[in-house]
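Paired with chain B in one complex and with chain C in the other, chain A is shared by the two complexes that follow.
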Partner chain A sequence: MSILVVLLSLAAGAYALAVIERWAVHGHLSLTGPAWAALALLGRESLLARKSDRLFFELGPVLLLVAGLMAVAVIPLAPGLIITDLATGALFLNAALAYVLVALIMAGWGPNGAYAMIAGWRFLGQFIAYAMLIVMPITAVAMRAESLSTVEIVASQEQLWNVLYQPMGFILFVVAAMGLAWLPPLDLPDATGELAGGVEAEYTGVRLAVLRLARMVIILALAGATVTFYLGGWLGPWLPPWAWSAIKILVVAAAMLSVGRYMPRIREARYLALSWKLGISLALANIFVVGVIALVVPI
Partner chain B sequence: MTVQMIFLAFFGGAAVWFGVVVFRTHSMVRSALALLFSQTAIGAMFLVMQAEFLGVLQIMMMATEMSIMAIFMVMFMMDPGGLGGMDMSHQKRFSIGAGVSAAVVAIAVALLSDWGPAAEQVVDAEAQTRALGMELLGRSMMIFETAGITILTAMIAATAVAIPVQNLSSKDDKEASE
Partner chain C sequence: MTLVGAREGAMSGIRRAVAAAMARDLSAFVLPGASVARAMGLDLSGSHLRLVGTPRHANLLIVVGPLPPGLRDAAAVTYAQIPRPRAILALGAGDIAPLPDADVSAPLTQAGLQSGLADLRRVIAAGAFRADSGEFNAPALEVRVEYTCPMHPEIVRDAPGDCPKCGMTLVPRETASDGHGGHGGHDMPPEDRSNPADHAHAGHAEDAGGAGTYTCPMHPEVISDAPGKCPKCGMFLVKAEEGESHGHGHRHGHGHGGHGHGHGSEAHGAHGAHGAHGHGDHGGHGKQQDHSGHDGHDGHDGHAGHGGHSKAAIDGIEPHFMSMVELTEGQPRSSDGLQMDWIEVPFGPFFPGLPAGLRLTLTLDGDTVAGSEVRSLVGRAELVDGPQMRVADFVERLAAMMPLSPVAYRTLACAAIEEAASVDPGHDARRGRAAAVERERIASHLNWLAEFGLQSGFLWLAARAGALQLAVQGADVAGIAAQAGAIRRLTRRVQAAPLMRMRLRRIARIGKDTPASGPVDRARGGGSDARTGDPTLKDLGFETRVRNGGDALARLRLRCDEIAQSLDVIAAAGRIAVPQVPDVDRVSGEGAARIETPRGAAQLRVKLTDGRVVEADLDTPSDVNIALVETVTAQQELGDALAAVASLDLSPWEVRG
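On to the complex of A and B.
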């Protein structure tokens, strides 16, 4: 039952996100726009490049969708409303999202096109930049909760949300999450206007629809992870828990979709240098500070 | 128990099959990703055996490691896409001998070791994770710290080896900007 509810809310969330993204990119709000765009994609011819790696070409978008769904499985929307409450939930989320990289390499390599291939390998460079900054802030979150279970992590923020308890971790995590979901200014894998769509360049029709849907699911999963780890999950006054989850996730997702559009795209080498020289030092400092606070002031 | 055995056999078979695909394919990327899915299947075997933390860790680590290996395989091989039908195997007689003897040793170890009684009841995943942490920061700390320092040394050494190349590229950048 809760699986069905989570999947339905995921579908609704993905649609809402598509509306918001359209709004952020084109500047006008259209509630039916994404539906028409999806219908158009379904009706369009699905082209197959010559000498493509057919297996990777077909599997790339599907694996991307599966990775996103797996990540969503450990995000609690309300007490009891979670697909599976794993004891290693926070680690499982990482494991699922690691396959975003695999899927993008497959989708980039598959169609035998230069733009797509460059984009796929670029994402590997980007991955090396963001990967540690996803894991290390989560370590500090798990340290406070004394558990890797996402439900426990939300419960640990009853007194004080993690965004106030460890603000540095929050900033690092959100930036790394934007890199993972290849959102601007870290959108090297599709790099509109530079790589002609990158990974998406050779996809048309139904396959492109799956790819875009998968990306929306990944953004939702990451917004859900941000809310779970830092913004107190379903916790909040007056409204029912699921409403708080929905509001927080949509606000975080909308912020992630729109904020970066006003910055220039960051080259992967520069992103790497920033992440490793500055980001990892800050993440280590964050772990240390959280450890000291957890030992000295128990909240 | 039987359902568990069926799944275990399925993922074991998948791991072996993907391992075979590594050498049967012509494409470097397919080869690397087949190795990745072989390792993922082993992670799934851990999950079936209710070793949740180890399984999830295996599934996570292999995705990234094998993808990074894929780009090196593409960079260094002359026919990464396998369009020329390159053969993945070489030194055939030696490899077959090494493979067969390694398999014999592994099977002998599996059959001849005294594994003790099979655990019927498994402690829950949270207790397992805790026990693993205690082990890593207790009795086995020295071993893991040594391994960690070794890897760190290797990383620093590799970076040091790569520095002249970096200097060349930065000189190029400077010339380009002038």
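On to the complex of A and C.
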């Protein structure tokens, strides 16, 4: 039952994100736009690039969708409203999202096009930038909760949300999550002005629809993770827990989708340098500070 | 009423709903480009039209204005890349062959766009599917099969056969006819990698001496006492002997195949290209031969994983057979010393984020630009069409040739003709003209900002600068004054945007000695500006703006400065007047004029005979600045290289054809 509810809310959430993304990219706010767009996509030819690596080409978008769905499985929307409350939920989330890299490289390699291929390899470079900054802030979150279970992590924020308890970790995690979901200004693998769509460049019709849906699911999963780890999950006064989850996840996702509209894309080399030199030092400092606070002030 | 590019299928049931959805959800790819459309005064951002960066994601091709002949083939390729059902909307385009006839044609006006889109929606909703959708064919789309030797890429034949040099069976590969491209060669990889002989990890011993045995360069297990052909691949056996010799690996086609011509086969025929992916092919050799215990020598410790190759397992095979060091010897290397696959990737002429009409071919070494070639596909033709031209026709022709800055070139033509005819336009006309050129400068710089925003994913900037450009273009003094505040805020906000400095600083640095024109020159401390010393402009409070730095960031800032200054000049002038064709009466004479167009100084010399233009010669800023492309892209990461090219603000229309 809860699986069905989660999947339905996922579908609703993906649609809401599509509305927001449309606004962020094309500047039109239209509630019905994505529905028409999806229907139109289904009617278009789904071209297979010549000399493509068929297996990679077909599997890329599907694997991306699967990775996103697996990540969603450990996001609690309300007490008891979670697909599976794994004891190692936070770690599982990270493991599931590791397949995003694989899927994107497959999708980039598969169609045998230069833009897509460069985009796929760019994402491999990007992985090096964001990967540590996803795991290390999660470590600090788990330290406070003394558990890797996402439900426990939300419960541990009863007194004080992690966004206030470890603001540095919050910032690092959000930036890394945007890198993982290749959202602007970290959208190196589908940079329209540089690679004409990059990994998406050769996908059309149904396959493109799957790819776009998968992207929305991944963004939702990451927004859900941000809410779970830092914004107190379902916690909040007056409203029912599921409503809090929905509001928080949508707000975070909308912020992630729209912030890139107001700045140019980052340079790949600078992104890597900043992530490693600055990001990892800060993440280590965050772990240390959280460790000290957890020992000294038990909240 | 069906689309020319309808998708195959009967129009029934669910397909009607899908067609209705398609009619609502129009994703357009614009030819020659959104910047050209804006310069022509067309606002494409409304109308629930989404502009997309690749034809693959479009269902509508909008052709804006007459399609230059140089872009026709690329346009056909672009159209072929759009998945069906696909539609064409032609706005004032005239003949667009080899594209099929437009589904809807309309005049090149905002009203034309609106009515055209409305008509198009009806056509799509009614006829997106058709039982017998025809194929689209154009000469640019034809693929020719030719045969080549995997070992000797210089051998290319039209028919199958054996290689005259080594006797190997020629393998087929596909090449596109010339004009292929358009959008990154998605459709037609010029090379076929699928040939089995691609694993041609061959070395052939060349040293003479010693009777020895004969072996196949491809199959070392084949050994024969007499010369002949290899039973496995049909190659001539080569004499094998001990001692060092050079292994010449010829590898044709490479790596992630199909992207451009390998540097190996074309540029460096002597030593075959050896792509990164080729390494795997050789792995087996080392292992196979290692346990024979033959004492070869391994001098390539630095190349882990390839050392095994150098151990000769079979008498008569040179110890360095398949040595990585030798196979890659003499090949160009990246600046970091790594040997990577090089691919040649075409960008343009319709690439989002590059000037429309510009074809940039980058040789990419990984994601670093190892070489670049740039050319304009819309280069200008002869200025004087025929033996002589009427003055009015000449002025209109020059203005129409430069869609990105028609007012500046119109002014230039008028000024040169007036000079030749010794006509003085008068003080007021001069002020009005100066203001008209400054207005175009604002619009042009805003257009550049919008393009930069699109390229760099700064979408707010793209939308805002594009809207302001449309508002300024053609506005009167009061209209510009009304937008001045918004424009100034935009220029400040752009420069202060997060990541902006990081994006552009130290990109495309240009030294003091390189020839450059216009804002590119003034942004490195240079003082070239045709407006300097012009009494009319001096009167209006003009001072040459200069920035130091010489990089893309300085260029952005300088353009922002110039926008602010032009706003002041227009306010001071008080009137804007696009020059009228001067009235010259059967005069003969020569005249020259120089004007600072938005991209730099342009100079025109005209010769009038009997009141008609018989000779004209034009120097444009883009002619100067296009030569900078190679310098500013060399050894840059792909994204930086594209930003570097964009920072030059080239107009392919200005480049000499």
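The rule is simple: the second predicted complex is superposed on the first by the 299 of 299 C-alpha atoms of A that agree within 3 Å, B and C clash if a C-alpha of one lies under 4 Å from a C-alpha of the other, contacts with A are read in each partner's own complex, and residues count from 1 in each chain.
The definition used in the following text is that a contact is a pair of C-beta atoms (placed from the backbone, for glycine too) under 8 Å apart; a residue touches a chain by one contact, two chains touch by 3 or more.
Computed from a predicted structure; not experimentally measured.
Of the two partner chains placed by superposition, only chain B is touched by A:Ile105; chain C is not.
By the document's definition of touching, of the two partners only chain B reaches A:Leu86; chain C does not. Of the two partner chains placed by superposition, A:Leu133 touches none, neither chain B nor chain C. Of the two partner chains, chain B and chain C are each touched by A:Lys51. In the superposed pair of complexes, A:Ile266 makes contact with chain C only, with no contact to chain B.
Put simply, more of the residues of chain A are touched by C, taking chain B and chain C as the two choices. In the superposed model, A:Trp121 makes contact with both chain B and chain C. Once the two complexes are overlaid on the shared chain, A:Trp36 sits against chain C while remaining clear of chain B. Within the superposed three-chain model, A:Asn94 lies in touch with chain B and out of touch with chain C [touch as defined at top].
The interface of chain A with chain B overlaps its interface with chain C at residues 51, 109, 112, 121.
Per the touch definition, chain C reaches chain A in the complex via residues 7, 15, 17-19, 21-22, 24-25, 45, 48, 50-54, 56-57, 59, 83-85, 128, 183-189, 192-194, 256-260, 343, 345, 351-353, 364, 366-367, 453-460, 463, 497-500, 502-504, 637-640, 642.
Chain contact summary for the complex, chain A toward chain B: residues 51, 53, 55-56, 86-88, 91-92, 94-95, 98-99, 101-102, 105-106, 109, 112, 121, 124, 127-128, 131, 147-149.
Taken in their complex, chain B has these residues touching chain A: 27, 29-30, 33, 36, 52-53, 56-57, 59-60, 63-64, 66-68, 70-71, 74, 81, 83, 124-126, 128-129. Residues 24-28, 30, 33, 35-37, 39-40, 42-47, 49-51, 109, 112-115, 117-118, 121-122, 184-185, 187-188, 191-197, 200-205, 208, 260-270 of chain A are the ones touching chain C in the complex.
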